[in-house]
Amino acid sequence: MADPLLEVHNVTKRFGGFEALSNVSLEVREGERFGLIGPNGSGKTTLINCISGALRNDGGRILFRGTDVTEMPAYQRTRLGIARSFQIPKPFTSMTLLENLCIPLEYAAHARSGGDEAAGDAREILRLMGLESKAHITPAGLSQIEMRKLELARAMAAKPKLLISDEAMAGLSSAEVDDILAILFKLNEDGITIIMIEHIMRAVMRFSERIVVFDAGAKIAEGTPQAIAENKEVEKAYLGE
Amino acid sequence: MQRRVFLASMLAVVVLGALVTRVIQNQYYYFAAYVILQYVVLATAWNILGGYTGYVNFGSAAFFALGAYTSVVLIKAAAAPLVVLVVAGGLVSGLLGLGIGYLTLRLRGVFFAIATLALAVVLQTMFINWEYVGGARGIYIIRPKTVPFFTSYVEFLFAVMVVLAVVAVTVAWWIENSRVGRGLAAIRDNEEAAECMGVPTLKLKLVATTVSGVLMGVAGAPFPYYVTYVEPSSAFNLDYAVNSLAMPMIGGTTTWAGPVLGAVLLGTAQQVATVTISSALNLLIVGIILVAFVILAPEGIIGLVRRVTKGKRG
Amino acid sequence: MMRPGKCRTRRWSWIGALIAMVLVAEAWAPAISAAQTAQPIRIGLGMALTGGLAANGKPALMSMQIWAEDVNKKGGLLGRKVELVYYDDQTKPATVPGIYTKLLDVDKVDFVVSGYGTNLIAPAMPIVMERGLVFMGLFGLANNEKFKYHGYFQIMPAGPNPAVDWSQGFFEIAAKQTPKPTTVALVGADAEYPHNALAGAREQVKRFGLKIVYDSTYPPATVDYTPIARAIKATNPDIVFVASYPPDSVGMVLAAHEVGLTPKLFGGGMVGLQFAAFMTKLGPKLNGLVNYDFWVPEPTLKFPGIEEFLRKYQAKAKEAGVDPLGHYLPPWAYAYVQVLGQAIEATKSLDQKKVMEHIRTNTFDTIVGKVQFGPNGEWATSRVLQIQFQNVTGTDIEQFMKPGKRVVLYPAQWKSGALIYPYAKAKP
Amino acid sequence: MFSVDLLLNAIIAGILLGGFYAAVSLGISVAFGLLDVVNIAHPVFVILGSYAAYAMNTSLGLDPIVAGLLFTPVFFALGVAVYRIYYNSFEKKGEESLRGLVFFFGILFIVEVVLLLQYGVDYRLVEAAYIGESVHIGPVGIAFRLLVPCLVGMGLTLALYLFLSKTFYGRAIQAVAQDSLALRLMGANPIRIKTLAFGLAIATASLAGALLIMIGPVEPSMNREYIGRVFAIAVLGGLGNIGGTFVAALILGVVESLTSTFYGPSWALAVSFGVLLLTLAVRPAGLFGR
């Protein structure tokens, strides 16, 4: 078994009196395709925010490649190799697609490697995503699927070890879902560990090697897609009693 | 290449400024140009935070006045030369800028803008009650009679402002074309995404607020010698806040040239209006131009020019 | 737009604009100097026609225009017509240096006089000093204290020591009462004039051996003055000296009335109560108030020419929508150019030095009486009046045009009635 | 010079002042808090209201409150017009934040100058029998000049609160603040609802203006003094929270009154802004934020 890339130990997060995450622990292994599912408001996005650094957890520790990143600001975690896409795309609206990618390339990828040819790398990523022809327009001119692709492309431009894809497929057609899945598979083949948060079961089941299920801020199940599909607890969480 | 052209033109401005003082005897132009150049500095400074980073500062007057009052203190306490005043004014206002930079940790958008407005009120009250610098009564600052190399002190003030304007524009230009500027643009577009893409947002915002503060303080530092009588209501005049915001909006907020253009146009218009139409119309001009521009040319003049040239090409 | 890496934007150079600006500015100059061939005597000034002081600035300018008309009707000065060249300083000190250099270097006026108010006089001082010009000042408070310029003459009759002389009368009146008042409350706005007036009042308090029980200032934007009035009332002072601007003068009068603040002597340095708009609105609530003034229609102050001037002024004021009475600033705005005009006539010269010398050494007969300047350019002797509002009934404006409503108590030379003391006794 | 009487009076005066502040700030609370429209020109509309009351008072001898009420439909229409321009020029394009702010700055100037050209810069006052009179209850004195605005402010708060929570349109306005999609599902056009709400916000300025000129003299550029204060109150009260706005207005009023009674009026404004800065730094959502 590969080494753990990401370790979440007993993480708790409270908003006022409401406990969004209670004592959550999980591990993601290097190179793994990892699925995270759960009903709305179960704490998935909160956990992602804690891992990426957008939120600080109130208790517990988060380790990335053996380094404790719990107290680290988000941008440093990105430089270490954690990148995420947003559920609602958050492009840099005044910049062209190329420039959008230049930001993480300059600030995360090259801050690490010391390279400086941002534009070339950005073009390469856009080509990979099939967005090459749109390199010089601003995100306002993109369709929904292109917007999702840009969101992923930008995360990739940070040259991450771990890519967190937060509902990248919501609202897409079945063909478009396959399109995004193909991209994610390709990235994984290139050695990037991926955490996928998704409501589209078909996609998660097909993609993930291992799945963790959340309900009401706690982990209720963990296992292969097969095992999860047969789990009674999970069924209850989703369908109610 | 670009860099060389820019720096050469900036140098040319300084040389031109120096030449002008040899040719023109008429003092009016120095006073008028001083005011316009002062707005070039203020507008450029505002734009580094407002235009590049997306944080609206309503309290420009506070930074400007802080620079002016730093000068007052130093003139009174140590009769310091203008160079020292400019440096000190910049430092003090820069510190205030650093302070409001930390405010951005918790305050975004309109809340930040309101906080800067509140800051200006609090600061003005402090100066009203600080007797050493004249309090509400104000204080007279007597201009030195002569300065070496210049026939009058006003020429000297003008020359200083030329240099300050060039410095401010150069700083803005440098930021815009550096990694810092691209990071600031990312913050303006989406702060959360920027942070997640590796941009050290707090650090960059602190740079922006501090640089913006320094430049505003620098613009205010020679003010006591310009006006010779400093009192809180004129140093904290809302005009400075409004103009330093309106000028970049009119010129265009995304490039260094926008605030310069806006300041030169609006500043000149105001100067001309002052000595031609003697009425409330002056204020009306600012209002109407402002509204017309934000509605009809939201990207400012620079944006308009771009749109036209693009249209021709495509 | 920001473009990282190689993708850089095309740039323009805007220096062209700067150059163009200078050239355009230069091009104006000859056009204007050509207009000088008509050869009227031109007097230049900046005046607050918009902004905070415009309520006074507009009537002041109107009064100066009446003077110019009067002079021109009689054939002008030295046989030349008089022309006023004025710009709106917007009540912003920062516009003043530009305006005065424009007047002198571009318009090439023969004389400059000041705009209205301390803040707007100060920025012009270095410019006129550099050139050694005569500079008539209109209602500046102690402008020349630091500059010590011998060509500056200020028309407001504050006297040789303006800040202190300001409240001299008020405290002298107080000292003459029996039993002698002992405690004083000082209050005023956070602004230039009130702070100066309060500083002067503190010296008077010391001089008359009184005791300060309250001494505070408030921001000009204060909405509610009742807490202040109440805090003052709590200290139970014999005298309340108020140095305020128009909106807070009204606020203080109303608040004092509401909380029942009734010291023995109330008022002193309240700006605004000289204007028709406030007198007619406050009406009988003013009764008993003792306040400074410069001219009121009392029989002791009927100087030659003043009534004729006020008639002309009041006729124009209705149209222009400015203070319909014109008792406060307008006569003085007329008088300060009147002095300049008389000096030009007397010296038969436009020479700054000669005119300056003449103003410094002579007495002038103006519509505000005999004017003589002391060494610092202020009036040689103070003529700040203290008046008391008496028998104000209702809110009609006519009553304030006649004597008896604002009785002069001080200085003795101009006294027109007796003080009603204490304050409460004058209340209906 | 501390005394219980003084303290009591200072608190009462503060509450009276606060009631008036509430009237001035409610419009901001609706526009800024519920609709996300940063109308910094609101205070200038209040001044416009003052002049409307002034004009009616001097020409027809109308009571300022009556004049203020009479003018609410006019102000409503004005608000609708302004919002139309704002919506078409900015909101529709999603560029509202910065440019919208500047737009209202421009409006502020234009209204101010139009008033200036029409009425000049003199301070204006209104007449009413109760101005300058007061009632005394034990040691406490209450000035009618401040009591009336406070009562009207309270009435306005209550009316607005009831409207927003009890009527269909009111609830629709509340909904538009949270989720315009849900509103569309309800079958209401969010733009219409927002237009209505903004018109309402400006309509409150008519009444607030009448109160302002009742308290003291008014001149066109005075609006600037209020920009900071009304936003402070709206933010302090938790945006869009009508009750919160009222309480925040009272707090600011009492703080100012206490400061000017006991510490020195010079610091009253700075203290209230200090409270705002502190609130923003510690609890940006305001005291009663959602």
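General observations
For reference, chains read A, B, C and D in written order, and residue numbers begin at 1 within each chain.
Everything below uses one rule, namely that a residue touches a chain if its C-beta (ideal position, glycine included) is under 8 Å from a C-beta of that chain, and two chains touch if they have at least 3 such contacts.
Just so we're clear, the structure is a prediction, and the values are computed from it rather than from any experiment.
Summarising the inter-chain layout, the chain whose CA centre lies farthest from the centre of subunit C is A.
Here the chain at the heart of the structure, going by C-alpha means, is B. With centres taken as mean Cα positions, subunit D sits 32 Å from subunit B. Between subunit A and subunit C, the centres computed from C-alpha atoms are 71 Å apart.
Per-chain CA centroids place subunit C at a distance of 35 Å from subunit D. Centre-to-centre spacing of subunit A and subunit D amounts to 46 Å, using the average Cα coordinate of each chain.
In subunit B, 125, 128-129, 179, 182, 185, 254, 279-280, 283 are the positions where the chain touches two or more neighbouring chains simultaneously. Each of residues 1-2, 4, 50, 190, 217, 219 in subunit C touches at least two other chains. Residue numbers of subunit D whose C-beta contacts span two or more other chains: 116, 266, 269. On the subunit D side of its complex with subunit B, the touching residues are 32, 38, 85, 89-90, 93, 95, 97-103, 105-110, 112-114, 116-117, 224, 227-228, 231-232, 235, 266-267, 269-270, 273-274, 276-277, 280-281, 284.
Across the interface of their complex, subunit C is touched by residues 1, 3, 5-6, 9-10, 13-14, 16-17, 20, 116, 119-125, 127, 131-134, 136, 141, 143, 145-146, 215-217, 219, 221-222, 225, 253, 256-258, 260-262, 264-266, 268-269 of subunit D. Looking at the complex, you find that subunit C touches subunit D at residues 50-52, 54-55, 58, 190, 214, 216-219, 221-224, 226-228, 230-231, 234-235, 246-247, 250-251, 254-255, 257-260, 272, 275, 277-278, 281-282, 285, 321-323, 395.
On subunit B, the positions that touch subunit C within their shared complex are 2, 5-6, 9, 12-13, 16, 20, 24-33, 35-36, 125, 128-129, 135-138, 140, 142-143, 152, 154, 176-177, 179, 181-182, 185, 223, 226-229, 231-234, 237, 239, 254-255, 257, 260-261, 264-265, 268, 271, 274-275, 278-280, 282-283.
Against subunit B, the residues of subunit C that register as touching in their complex are 1-2, 4, 8-9, 11-15, 17-19, 21-22, 25-26, 29, 49-50, 86-90, 92-99, 101-102, 104-106, 118-119, 122-123, 125-127, 130, 145-147, 189-192, 194-196, 199, 217, 219.
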